[in-house]
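Okay, so chain A shows up in both of these, paired with chain B first and chain C after.
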Partner chain A sequence: MDQQPSSVSRVQELVYELTINEVMTREVVTISPWASMRDLKNLLRDHRISGVPVVENERLVGIISIENLIQALEERNIDSPVKEHMTTSVHSLHPDDPLVKAVNFFALFGYGRFPVVQADNCLVGIITKGDILRATLRQMEVAWQSEEIHRYRASHIFEDIESEQTSLILRYNIKPQDFVRGGEASSKIKRALERLGAPPAVVRRVAVAVYEGETNVIIHSVGGEVSAEIHPEQVIIDIIDYGPGIPDVEQAMQPGYSTAPDWIRELGFGAGMGLTNIKNCADIMKLTSKMDEGTHLELTFKLQ
Partner chain B sequence: MKASDLVIELHAQVVAGAGNLDREVTGGYASDLLSCVMAAAQPGNVWITLQAHMNVIAIAVLLDLSAVVITEGVHPDAEVLARAEEKGVPVLLCPQGTFSAVAQLAQAGIGGVR
Partner chain C sequence: MTLEQVLQVIEGMAVSKDIDLQTDVHMACGADLMSDVLSFTHAGTILLTGLTNPQVIRTAEMTGIVAIIFVRGKIPPGETISLAQEKGIPLLASRFTMFETCGKLYQAGLPSCGLFNLSEKTWREAFGKNKGTC
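Entry: the complex of A and B
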């Protein structure tokens, strides 16, 4: 949720970033104004297209489409020149225009193609909806490939680095009563595990357990730290605080048992379910506590 | 049903994450106890609550929820909304109580998760 903007907004960005020049088709099928409508029919059929710009001395003089051809056929006028049937008031685009202008043209005018001309009205290309689709998909694939390479590198970090035992350690300090930053350690560990390619179900269990653990440190202790030791086959989470300690660990493990004060309960914490949630998430849970020294929660999550 | 449909069903006000309303809503969960939400809510769920502090956003991100609906006309602080916007969490406000909001969404076809 916090990584990528949605693909829709990416397309919206692209139509502003790209220019017509980068998207248009340069090899344009054209016809002379003096060619016959019969020539046009053959041209459209041979190229499987539905319209072409009309060009004389490299200058755009009009545009003609299959609709004009049908009309000529109905009028039994198929041997008359293109000049008599073409549309002369042509909406054209400039190569340096942003792609969004073409998108707007398609929406405004409803034609299937727009010629691209330079300032001297010299035809340099043509743009269709297909061109826009291809270009935006191509750009998104480029972006996707670089993200994939990134992800691949992250997820293969353990294979690329050789040692007897490789692990990655993430450590976060937790301040007491700092509710505003609650969930920071868990969301950072979650993100790291995702990038390293851990299975989503395990990532979720780790995130839930670490969130509950860091919340406990924030609510009940004088401060502490959360660390995640990531191995290729397992993740070990250590949640440590520096006191005051849990008088009765067994009682603390009872679902619904809580020592949280009322003002904390009003915030929705202190349901007495934190340790129960942690126990349900972790593959192995070890809780030790010494009064006036602190509490150590060690959690193991298997990755394989 | 998409998160944007929740806005219509509840006549809710979108105060953050408007760019992420195209996600599919996989079900709903209502509670004001954060640990219950952590234990039960599933990815893509909408969470209905009257809690409106920073941890609500943290939980929505951790659990990959599709939206948070804050009931009873409670308005979160600007900091909370800024975080929600940064993380792309849709936050919807509605004047109804939690029960009414849940009833409206249930009528519209959103199921509970357990």
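Entry: the complex of A and C
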């Protein structure tokens, strides 16, 4: 059920991510404004296309299509120059425009192709609906394959390696006061769990709890480490610091109790809700602390 | 509500480039206290905040927040924008206050993130118990 909406939004994402430059055809068949409509007829037939940009001195001056040709034929005017039949008010795109602009152009104006020009009206490419389809499909395939390979490799670790008990241990050092980099360990643990195929709701709880714990180590301690021990059925998180320790663990556990400095509060943290939140997120929480030695927070999250 | 509709309602602007305006948001949360955001939001929420430091993006990443609106015309620093880009979290901006921006979205039908559910009874009891002590 989740497949369809996510793949639809992926196409939408791509339409914003890709630029015209990455999608357009660079080798453009063009015609001079002084060529005859008969020349145009041959050109369209030879290349099996239905319209071309009209170019003079590498500058775009108009666009002409099979419809203009039919009109010229009806008027028995096939030997008159292209200049007399072409459309001069051309909707053109810039190579740096997002692909979504082209998609909107196709919806708005109903033409089959749009020329791509640089600022000086110099023609650099052309874009058709076929180009868009090919580019988005190619891009989706590349992205899908790379993420799928990661996911496949990761989710098979526990099946491929045989032992009495297999676990994966991730370990990260946490520097004190380094608030700017705070959250990197949580972010990496979150991604690892996603790739291992853990349920999204559990991944979220782990990520929030580790982030709160990591932030505590950064704010209050002289440094420490975060480790995640991932088993097929559970994740055990150890957040350890090397001091100074919590004088009164019970008091620290009270919602709203905080010893965070003002600069941390200004950043939106330190409300004294961290440990309460960690407790709510984890299935089992154990907090031990010894003054001058350090603090150990052990969290267990069930995966099954 | 899509991000495109959110932008219309708050008369806002997109800070990030290349955002998917069709991304759906189901509920909203207005907070300057990231500790509360970490405690009381659902995945799929749009966050309204006046804070612009990179930890706002981290908080959003951990909690599964789908987009962030910076209120009061605040412009986030480059490091916040680039972290959001890396994590794929769209950033929007509103020139109105937190109260006004929230009000516009609420009036347009966007509900609260609602994880923080306090019944009136529990609330009145807790209030009665703590009265005078703080």
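Operating definition for what follows: the second predicted complex is superposed on the first by the 156 of 304 C-alpha atoms of A that agree within 3 Å, B and C clash if a C-alpha of one lies under 4 Å from a C-alpha of the other, contacts with A are read in each partner's own complex, and residues count from 1 in each chain.
Going forward, contacts are C-beta pairs under 8 Å (C-beta built on N, C-alpha and C of every residue); 3 or more make two chains touch, one makes a residue touch a chain.
Since the model is a prediction, treat every value here as computed from it, not as a measurement.
Asker: Overlaying on chain A: chain B and chain C, fit or clash?
Answerer: Taken together on chain A, chain C would clash with chain B, as the superposition shows.
Asker: Determine, under the contact definition given at the top, whether A:Tyr16 touches first (chain B), second (chain C), both, or neither.
Answerer: The second partner, chain C, only.
Asker: Touching A:Gly51, do we find chain B (first), chain C (second), both, or neither?
Answerer: A:Gly51 sits against neither chain B nor chain C.
Asker: Quick one: classify A:Pro98 as touching chain B (first), chain C (second), both or neither.
Answerer: Touch partner of A:Pro98: chain C, not chain B.
Asker: With the two complexes superposed on chain A, say which partner A:Phe269 touches: chain B (first), chain C (second), both, or neither.
Answerer: In the superposition, A:Phe269 touches chain B and chain C alike.
Asker: Under the contact rule defined above, give the chain A residues that sit at the interface with chain B and also at the interface with chain C.
Answerer: 9, 179-180, 182-183, 186-187, 190, 204, 207-208, 211-212, 267-269, 271-274, 276-277, 280
Asker: Can you list the residues on chain A that touch chain C in the complex?
Answerer: Touch list, chain A to chain C: 9, 12-13, 16-17, 98, 179-180, 182-183, 186-187, 190, 200, 204, 207-208, 211-212, 267-274, 276-277, 280.
Asker: Show which residues of chain C lie in contact with chain A when the two form their complex.
Answerer: On the chain C side, the touching residues are 18-20, 22-23, 31-39, 43, 49, 51, 53-56, 58-59, 61-64, 79, 87.
Asker: So in the complex, the part of chain B that touches chain A is made up of which residues?
Answerer: Against chain A, chain B makes touches at 19-20, 22, 32-36, 38-39, 43, 49, 51, 53-55, 57-64, 79, 86-89.
Asker: Inside the complex, what are the residues of chain A that reach chain B?
Answerer: Within the complex, chain A contacts chain B at residues 1-2, 5-6, 8-9, 179-184, 186-187, 190, 204, 207-208, 211-212, 215, 267-269, 271-274, 276-277, 280.
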